[in-house]
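The letters A, B, C, D and E name the chains in turn, as written, and every chain counts its residues from 1.
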Amino acid sequence: MIQLEHVSKTYKRNGTETIALNNVSLQINKGDIFGVIGFSGAGKSTLIRMVNYLEKPTSGTVLIDGNDVSDYTMQELRKTRKNIGMIFQHFNLLNSKTIFHNVAIPLILAKTDKKVIKERVMELLQFVGLEEKATNYPNELSGGQKQRIGIARALASNPSILLCDEATSALDPQTTDSILQLLQKINQAYNITIMIITHEMSIIQKICNRVAVMEKGEIIEEGNVLEVFGNPKHSSTKNFVRTVLQDEIPENIRKKINVIPGSRLFKIDFNDESNELINDMIRNFGVTVNLIYATMNEIKTNTIGHMVIQLIGASATVNQAVSFLSTKEIYVKELAY
Amino acid sequence: MIQLEHVSKTYKRNGTETIALNNVSLQINKGDIFGVIGFSGAGKSTLIRMVNYLEKPTSGTVLIDGNDVSDYTMQELRKTRKNIGMIFQHFNLLNSKTIFHNVAIPLILAKTDKKVIKERVMELLQFVGLEEKATNYPNELSGGQKQRIGIARALASNPSILLCDEATSALDPQTTDSILQLLQKINQAYNITIMIITHEMSIIQKICNRVAVMEKGEIIEEGNVLEVFGNPKHSSTKNFVRTVLQDEIPENIRKKINVIPGSRLFKIDFNDESNELINDMIRNFGVTVNLIYATMNEIKTNTIGHMVIQLIGASATVNQAVSFLSTKEIYVKELAY
Amino acid sequence: ACGNKASSDADEEKTTIKVGTSPGPYSELFIDAIKPILEDEGYTIETVDFTELIQADIALDEGSIDLNVDQHTAYYKNFNSEKGASLTKITPIPTVPTGIFPGRKESLDDIEEGDVIGIPKDPSNAARAYAILQKAGLITLEEDIELVKVTQNDIVENKFNLDIQEMDSAQIPRALNDLDYGVIPGSIVYSSGLDASTSLLHEDILKDLELVAVVDEKNKETKWAQAVKAAYESDEFKAYMEEHNQDDYWFIPEEIR
Amino acid sequence: MFQTTVTVDQFLQAMVDTFYMVGFSLLVGSIIGIPLGILLVITRPGGIIENSVFFKMVNPVINMVRSLPFIILLVAIIPFTRLIVQTSIGTAAAIVPLIIYVSPFIARLVENSILEVDDGIIEAAESMGATPMQTIWYFLVPEAMGSLILSLTTATISLLSATAMAGAVGGGGIGDLAISYGYERFDSFIMLVTVVVLIIFVQVIQSVGNWLAAKVRREN
Amino acid sequence: MFQTTVTVDQFLQAMVDTFYMVGFSLLVGSIIGIPLGILLVITRPGGIIENSVFFKMVNPVINMVRSLPFIILLVAIIPFTRLIVQTSIGTAAAIVPLIIYVSPFIARLVENSILEVDDGIIEAAESMGATPMQTIWYFLVPEAMGSLILSLTTATISLLSATAMAGAVGGGGIGDLAISYGYERFDSFIMLVTVVVLIIFVQVIQSVGNWLAAKVRREN
């Protein structure tokens, strides 16, 4: 379990201060896949570096499994860190060493048997699809390949906490998916805690169970992924949700809507419960329903989405249809053309 | 205009060869926003580095505005490069210099007047939202902030060609959007040619007019964005399209479908033309239409999408409805449950 | 021998004498005893410090300095022949003899096969050292050898198979603990504060190894050069030596006695 | 103990001479050595203005000069020294060999510092169409600055130590005082004083160097 | 021209002495200097085992040793030399001051090389819970290797040049031959031969250093 309590971090230089973290409190439970999302410069990297104490908080407390990290001796801190894998935003690979060696290094540090190292490293390289690069050096790899080596290295020593600082930002979606699946697999198999920093909603959506949204050094929203994204409160959160869930009608679709006099436009929830809505309205109220726009998305194992429909008919029938929608306990909002 | 003709690039070390580019031919016209997409390690960075000749092709020709770059003297090459802005995948900022100086450097090299530099740099920093970091140094910036500095630097000297190697990979979607809008604006205002490497389909979708899909050092598909993504031929291309256009019914939606005996499942195009389809089928054929899944997306100014509907009714009526769809010249495909 | 700045017509008027000085008693003697005499006669004495005798001779040859009082005849003659210079002596001057000093061994009678003996490595002092070793009957040098050119290779017989260590002369007093004997030039004996009377054997100063005041050939007859010569021969200087040489530390050549 | 034959004037003169020799040779040595070191980097195989003729000519010359014991160097170049400063003795004459001694030394240290600059920076310069001079001035030198300062510090201290040998040509200076009075005349008092002064000098040089380097690296 | 008073045996002995002095002092000097340089980096303010007591103690000592002209150093440590090698004369006695001369020099060069290692690498080491020893051995040293090799090359050449002064205590060697026969006894033939030999030595040392550094940097 990872707990941050009132953690702040301020950088000072020449008298000017940058507040990178401002009184952040957070709890990540064992086995969580915890996502942190936020705009560039929000303080995500700073936050994750608090966890393995690469950066000391200016104030506040970091607790790992209930122990205050600032009380640790260097030796205890090292022991704790051996249990925390980290994938760096900028990879931080050893340019002087082969890919094999780069992945092996946490095992070498732990004085693992050579044969075991070899097996483990080759297995990891296979996972990230780079076994044929084992004898190459980092500067002979593409950006995404380097990142994958960073991932393999962080996993090498089977850590019980994994910190990922934009671990897939340089990867194509397919490779990203396979990495995410791998993370999910080890999360389930070994109950390891994973903290993922990203600005890709799709990653949160795919594997995180909990999420924190950061802005200007603060956590502005936090909780269960579905809760936070199903019902975003802050405009930043909404902006992120919008990236996977086109919240508004795309501009050029809106332009092409056939504005029929007397017709009305509604935005309604679109989920497993609403499959039959259109059919029912047409059937029951004799109203004409045009489907203008629809989108649907999975967040973890839940589906959220919405659609925009145009109701055409006598004003009374349309009203009836709308009040029918209301009884369905789904979200309905009338839109202007 | 940029032309690559039969360009190959092979890296040799200790006798082993890595073919990073394999006989690639490509033409990018003036004013194009040309996207290059492909898996990690496909050869995208290598390709873009051919254009400003940071890397010499092992064989083949690179032509800029019709001139073979290999015929250039160093001086001519430098002159050409001054006209080509480049955003590096790994930023390559000067750690010893302030942010201001980093952005100013192309102007300093061009011996621009100090006052002009100051104005231009502050304008660019404002564009990328980092004017308050002008006196900071690169190692005091977050990953995304560094990337934005790289972008500002590449734009500083108003180049007529802009090469972007994953220029927004470290940025959140909102910042990415504002950068893309900026690129689009300067593309339109100055008719500059932009080459964008990315593995985010959404970027291609938002601003590119042409696209090349790379795989294993080769261009496997190339052309107008709508053509390539509207009708992807290679499986890699399809995979990329799938990332923005959930092509198949998400697993958990599929699981929850209420399998009504006798009902049939169809996947159909969903675009501006199909707004009234559901309504028409229900009205005209008395069939029940449940909307199971729908997604819609913009590619540049066009909309493509699809929906999955469940048709319930007597087998004859369902058949009638299906044949009605066929007359609409839209794509229809029956799905198994 | 080119690029001579001192123009000859000015020589007659020359009242400033530039002396190249080196560590050791000869320059000090000049400054303590000769300089006041010359100054009384209206000369101004300027000194330039050298740690390397060769450099002082080079400077003398090129005319950067006028006078040197830190070498013997054999040395400057060798310099002349090697460098094509034309240095010449104007007068012999008091000389401190080299001696064999006790190291781990108290007496030359204790000498044994393989004993280690330290001698100066610079040729000017090495010449004296080989001469004194020959005088002590420890080695035999080739006959007719030009003393200043003697090296280890000119030893035809080394009776006790002595291990002769050539080293910095200033290093020898400091290394006596690790040497059985040390051959130490008078100048170093003087500087290091060794008691000269503890010497086991004094050199017989050969004519060619007497220290001399040296100038460029063409200046030999100038007024100032003659003034220097006269100063060394003066009664005033004799009186000075009388006073300062009570323990016979200095060997005073016949010419100026 | 406190008796010495060295006068206060002599001592002050030695200080002045040392400052003069170190300062001047460092200045000229840097003017020669820094560009030379940079040239070694950029003309080497794979460098930005690869020039194997230059590289293969200059590299051995530097080695040659570096290989000569200082006193031999000093003698070997006397004709050259005289050509430059009209004399082969005195402080001025000592400066010529000191420069020749320190320049290639600086060149080697600079070469090592510049070689550590990240390839990406050089690529950035290339991509902007920077001329070789601009690449050096706006990219390589600033990025290597911290290391360059420490290299120059090291060179300055070696130079100070080498000025002690300047006494051979009557160059004077504190180091020479230490050798010709402290060592050769067994004057322990002046030995002590000069050594203390030298230690202070070096301490100051190194501290200034460290401070500047840390400042450039923004560690303080 | 070709006549000389130096015998072939003497010459060969000088070669052997030089090899012995350079080799041994380099070996021991590296054993002392490399760890010292690394310690200077890791104990400095902000270093991985920040230790201002150690840093503030050792830094001035290094400066102190670096400030002494070689001959003074040699004299100053005679008691120590005798303690170590039982004698104050001969090649063995020369090695002690050579080691003391070169160790802090190596330490400074190593310090400069190690300081150039990217902070990100040190962070990676920290994040893996590497001990300070592991950080040095598995991260800092390999990443700085190219630069370290060039630094040691520079130190070796300075050392070779310093052995010329070993003659002061009867240390012998090629450099001493050059000085005491070539220079002091005007033996131009031996001067030429020794200088050529020294140049070849330096050339070989530098070439091997460059080659190794390039190999480590994978430039060849």
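Quick notes on this one:
Just so we're on the same page, contacts are C-beta pairs under 8 Å (C-beta built on N, C-alpha and C of every residue); 3 or more make two chains touch, one makes a residue touch a chain.
Just so it is clear, the structure is predicted and the values come from calculations on it, not from any experiment.
Least step count on the touch graph, subunit A to subunit E: 1.
The distance from the centre of subunit B to the centre of subunit C, each centre being the mean of the chain's C-alpha atoms, comes to 89 Å.
In whole angstrom, the spacing between the mean C-alpha positions of subunit C and subunit E is 37. Centre-to-centre separation between subunit A and subunit D, using Cα means, comes to 56 Å. Those residues of subunit B in touch with two or more other chains are numbered 13, 90. Within subunit C, residues 54 each touch two or more of the remaining chains. Counting partners per residue, subunit E has 71, 75, 146, 183, 218 as the residues that reach two or more other chains.
Taken as a contact graph, with one node per protein chain and an edge wherever two chains touch, the assembly fits none of the named shapes, being neither a line, a ring, a star nor a complete graph. Every pair of chains that touch is listed here: A-B, A-E, B-D, C-D, C-E, D-E. Taken in their complex, subunit C has these residues touching subunit D: 3, 5, 20, 22-24, 48-52, 54-56, 58-59, 62, 64-65, 170, 173, 188, 191-193. For subunit D in complex with subunit C, the residues that touch the partner chain are 71, 75, 78, 82, 86-90, 167-170, 172, 176, 179-181, 183-186.
Subunit B makes touch with subunit A in their complex at residues 11, 13, 18, 37-41, 44-46, 89-90, 136, 140-145, 147-148, 165-166, 169-175, 199-201, 239-240, 243, 246, 250-253, 256, 258, 270, 272, 274-279, 282-283, 288-298, 301-303, 305, 307, 310.
The part of subunit D that touches subunit E in the complex is made up of residues 45-46, 59-60, 63-64, 66-72, 75-76, 105, 108-109, 111-113, 115-116, 146-147, 150-151, 154, 157-158, 160-161, 164-165, 175, 178-179, 182-183, 191, 195, 198-199, 201-203, 206, 213, 217, 219. Across the interface of their complex, subunit D is touched by residues 52, 54, 77-84, 86, 88, 90-97, 105-106, 108-109, 137, 157 of subunit B.
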